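Labels run A, B, C and D following the written order; every chain starts at residue 1.
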Amino acid sequence: MPEVEKSEEKSRLIKAYTAVILSRTLDRKIVTSQRQGRVGFYTPTMGQETLQIGASMALEAKDLIYGYYRDVPFMLHRGVPMENIINQIMGNRDDSALGRQMPSHYSDKKRNFMSVQSPVAAHLPVAVGAAYAQKYRKTGAVVIATFGEGSTSTPDFHAAMNMAAVFNLPLVFLCENNGWAISLPVEKQTIAEIWTKAAAYGMRGLRVNGNDMLETYEVVKEAVKRAREGKGPTLIDAISFRMGPHSTSDDPTKYRTETVDEGSDRDPVVVTEKLLKAKGFIDDKLVESIKTKAQKIVDEKFEECAKIPAPDPKTAFEGVYAETTWMLEEEVRDIL
Amino acid sequence: MPEVEKSEEKSRLIKAYTAVILSRTLDRKIVTSQRQGRVGFYTPTMGQETLQIGASMALEAKDLIYGYYRDVPFMLHRGVPMENIINQIMGNRDDSALGRQMPSHYSDKKRNFMSVQSPVAAHLPVAVGAAYAQKYRKTGAVVIATFGEGSTSTPDFHAAMNMAAVFNLPLVFLCENNGWAISLPVEKQTIAEIWTKAAAYGMRGLRVNGNDMLETYEVVKEAVKRAREGKGPTLIDAISFRMGPHSTSDDPTKYRTETVDEGSDRDPVVVTEKLLKAKGFIDDKLVESIKTKAQKIVDEKFEECAKIPAPDPKTAFEGVYAETTWMLEEEVRDIL
Amino acid sequence: MTEMNMVQAINGTLDMAMAKDSSIILLGEDIGVDGGVFRVTDGLQKKYGAERVIDTPLVELGIVGMAIGMALSGLKPIPEIQFQDFIFTAMDQIINQAAKIRYRSGGEYTVPMVLRTPYGGGIRGGIYHSQSGEAYFAHTAGLTVVTPSNPSDAKGLLLSSIDYGDPVIFLEPKKLYRSMKMEVKEGDYRVPLRKAAVVREGDEVTAITYGSMVPLVKSTFEKNNVNGDIIDLRTILPMDIEAIVHSVEKTGRVVIVHEAPRTAGMGAEISAAITERALESLLAPILRVTGPDSPFPYRLEEYYMPNENRIMKAVNKLMEYR
Amino acid sequence: MTEMNMVQAINGTLDMAMAKDSSIILLGEDIGVDGGVFRVTDGLQKKYGAERVIDTPLVELGIVGMAIGMALSGLKPIPEIQFQDFIFTAMDQIINQAAKIRYRSGGEYTVPMVLRTPYGGGIRGGIYHSQSGEAYFAHTAGLTVVTPSNPSDAKGLLLSSIDYGDPVIFLEPKKLYRSMKMEVKEGDYRVPLRKAAVVREGDEVTAITYGSMVPLVKSTFEKNNVNGDIIDLRTILPMDIEAIVHSVEKTGRVVIVHEAPRTAGMGAEISAAITERALESLLAPILRVTGPDSPFPYRLEEYYMPNENRIMKAVNKLMEYR
């Protein structure tokens, strides 16, 4: 590999690794803060960092992300400011959604990260429409939609997969297969391997080791390239493991025997460090400094955001329509 | 083949052929009557007779059928009295559903033929529950669910297929693939072959020539046997062709170029006659007499049923609950 | 000005709008090659191509979901649900997505979409081809629910809906698709959303109705010389409360007419809103002439639908009260 | 008699019913091994096996559809939808299947099923974990909609629902799951469906409410010495019109309290039904204290939910009227 390319790869991977560490650090911070009562609710992302960041590396700025509630690493790597994420979780005045949504329901239109909603997979048919619009308007943008493996059982997944294939759209379905849907293991969710479901729609389906950031990157990159070239959608089954609980309200000891601990061989942070060390891109000193810096940033940002007050009460009843209704005006007069 | 078996096969096939002819004759009668304004609406079954009757031959009396609006041949072969079918189409006083449903929405609990509804495929998850109940109660009964190929795009198909597989239920999904969903050809409905969709659920999927009654019979028989033995569900993609319009309200000349005419090589009546003649089970004379008799029965039954008056108006507002509501009582007092 | 029925009026309006604005896309089952089962989109695919008049697979939630995504990406989709009875698998997309995206994203994302669907009885469609589900939508903040009662309004309301900026559920009374013809102005004109029309004026009673029931109430009042206002809501959510209260204060007697089942239907909201504001004006109880609280029958359809006789019974009861 | 909260009461009731009747089957997401996200089904899979307490894939329409099929084949399914907010993909199964099968089959097929689902705010769940959708169901003939307001009623209403014979939407106010404890009788007892309870008596005003709002209205009336009836509907569809009218004829003043958005909500039906029957008794307009017509916010939840202050404002307005 020529020097320039090598150095480009190095800086790209260090940026990615830094995002992995930032995500993990932020994740721990929020979980701890939730236990301290400083945060209401949260869905940890631990274990799914590299698959998301690998995917993010494969995208251009104009591409659209229809993500879900576990996509913090994706957002951080894509350049969503950390304070946007924390403000959303706090639901404070600076949250772009004005504290209307539960924590973990992010939105960042500037970075084309569509507002996350709760009914799982409901964003998938919507992503199909967005992809149709890209094709129709010839923007050259690709849409990537993420979702858990449990979400493949939903009506919305079926509708989206079939329509994306029928209309041959620039769309990548990235299944973040972390093995669990709350307490249901993937084996009880469905009998088939997730990637094989693509064939039912005449779509290409691939499996990738999500804990390998580079493998994920390569596979997503190729799928994005095909999509951009008009060769249609791909379903990618990215295998990972949900290292934490489903959410801060969940107690996985009720149902789970197998675990993956932080620092163990299957921890994507460890996998990524090994990979980058083997390439000679990082060493213990750099790792140490990245982690220390990440901790500092996370702590500072968190405290800054925690100081921001709640939104003005009247905002809870604004923006339902472009023009409000007389009923709501009347009701709000009664409330405030 | 020993004589006894041969003679059993003969009588079985003549019974089946008779049902094919009865169905076709009734179909023509109803379509004609609709044009004369004697029937409100109808979905012809022409072209799908042998696949249904082949399937019906494979079932026992205790088995449950979750059918759809095109299953007249299935019902006739299973022993549903023709007057039940005509009374439903007339919506008269003797219709078991008291004229509440549009024509083509049959029901016959005695023969375990579940009440048909309009939103396509909505009966499929229901059939899954029925199959679960058979398994749980160890009745030994199998459930067979029929639906068109267009219905595979629905949420309900997806839910049903996955759950039937996950719970390993005694259920046969019989897709009556007639090539069209009103005006949409199957190639635009979905890119994959219908039978390949089974794999997405870890289910067995098969294709069969629905115009070949015996092939259909054998394939369904084997699927039913497996289901009964606890080996789980099967999806059968039975290829046929919708020879008529979607319904009496439809004008297929707007969208269809290929046609299959009555009496042509692809007409299942012709295919079946050839098949039975080759086996030496029927000859022209028998064919003639079966057809004449069928016409007589159909004409007579139709005229008998046409004489039956409409249901009593009050029945339109009964049976919403086991015990009616005060609102409905009050409303009905106003109406009648 | 040309005489036309509602199917022709909507077809022409879609045609006119599509010719002007290439961001308008139609999608639905059988709307393209076939021109729609009611022929409302006839000829449009031929004219604008299969990319703009899309024949979709058989999946209502996919149709609505796709339309939402198109709207989010700058298009103006007009999805069609073949019969309103089949919209229920798409309810999550409608209630949880379309209606809530503007709010949940702090206004960053919006859904300018017009969801067209034929509703109601009158064509002998039985249980599953006759339902009037407006109340399900009217209970959903974020939606705007519109229904025209004649070809001319259909055009003006549809054009307003296309430019509205938020999701509109556009309910087309299939009973009126071909049963009435009228002059429809050429060119662009708007009938405003959120505004009712007083389609007949009088002093003694106020009939509040919409969609398919408007011609029936009108002919009933005419035939029986009822001296009353008839208010055609046109927009069901949010409804035009000022027009309603204004009339009730004048007449003091109210009859509400809709096809949908009575309980928790729109009539309830209209009645409650009136009692809140104009109790003192009421000279008699507010009466509702509606479909009964049962599914919709096939053979006995005419017993289900409100008719002249039932409306007059209510009017007479109002006039005779006290 | 043991003190217990609503979660414990429902859990114990399910346990008791399942022990007696092997045709009762529970199904839903995370209800088995995990015991349900609210722990309502805790321990039941261990006791009755995975065949009777079924952990299903993530598909609400499948859960409801399967339950309907089980009911048609002689079982008594009790499906759970994890949050009522996620029920909308199953609306076709509920509205077009469960509610209409008895009618459309001329009574040959029936659907004895109890669909349990937690609803409402109060746990800071934001837009998608707080909705109160009772009006969607209450507009659907064929359904019966029930909601308990305390642990003891939860048991008695659930047992009545299981034996009812038609589909019941059993809405559990999640705000009350653990916030109140009370004595719950042991053994089998029934609280009848279609009957309201008068949970406080008085002469000057009638509060009509149900589910999560009942304790709030009670404490508000107690604290402020309001001399009024409080009617807990218990069954929302069909509601107990006699109990309502009886009270209104006595008091002449009505306030309706529910969490759901106002427009086309249950309050509208209650108000309309009263005006139809008891206009002459009304001393003041019927007032509604409800959630506003907007989605449900997260951080500012307390502004959305009805509270003591808003209820008293309405009561005072009623008392001061004219």
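Convention: contacts are C-beta pairs under 8 Å (C-beta built on N, C-alpha and C of every residue); 3 or more make two chains touch, one makes a residue touch a chain.
What you are looking at is a predicted structure, and each value in this text was computed from that prediction instead of being measured.
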Mutual neighbours - chains that touch chain B and chain D alike: A, C
Centroid comparison with chain B (C-alpha atoms), farthest chain: A
Centroid distance [mean C-alpha coordinates] between chain C and chain A, Å: 40
Approximate Å spacing (C-alpha centroids) for the pair chain A, chain D: 36
Computed distance of Cα centres, chain D from chain C, in Å: 30
Multi-partner residues of chain C (each touching 2 or more other chains): 57, 59, 61-62, 85-86, 88-89, 92, 96, 100, 103-104, 127-128, 141-142, 238, 263, 292-295
Residues of chain A whose C-beta touches two or more other chains: 98, 100-101, 105, 117-119, 153, 155-156, 158-159, 162, 166, 188-190, 320, 325, 327-328
Arrangement of touching chains [line / ring / star / complete / other]: complete
Parts of chain C lying in touch with chain D, wherever the complex brings them together: 61, 85-86, 88-89, 91-92, 94-96, 99-100, 103-104, 127-128, 135-136, 138-139, 141-142, 237-238, 260-261, 263-269, 271-273, 275-277, 279, 282, 284-288, 292-295
List of chain B residues in touch with chain A within their complex: 153, 155-159, 162, 165-166, 188-192, 196-197, 199-203
Touch list for chain A against partner chain D, complex: 40-41, 90-92, 98-103, 105, 117-120, 150-151, 153-156, 181-184, 188-190, 249-250, 254-255, 310-311, 313, 315-317, 320, 325, 327-328, 331-332, 334-336
Chain B residues within the chain D interface of the complex: 64, 95-98, 100-101, 105, 107, 109, 114-115, 117-119, 122-134, 136-137, 155-156, 158-160, 162-163, 166-167, 319-322, 325-328
List of chain C residues in touch with chain B within their complex: 29-30, 32-35, 37, 55, 57-59, 61-62, 85-86, 88-89, 124-129, 262-263, 290, 292-295, 297-300, 303-304, 310, 313
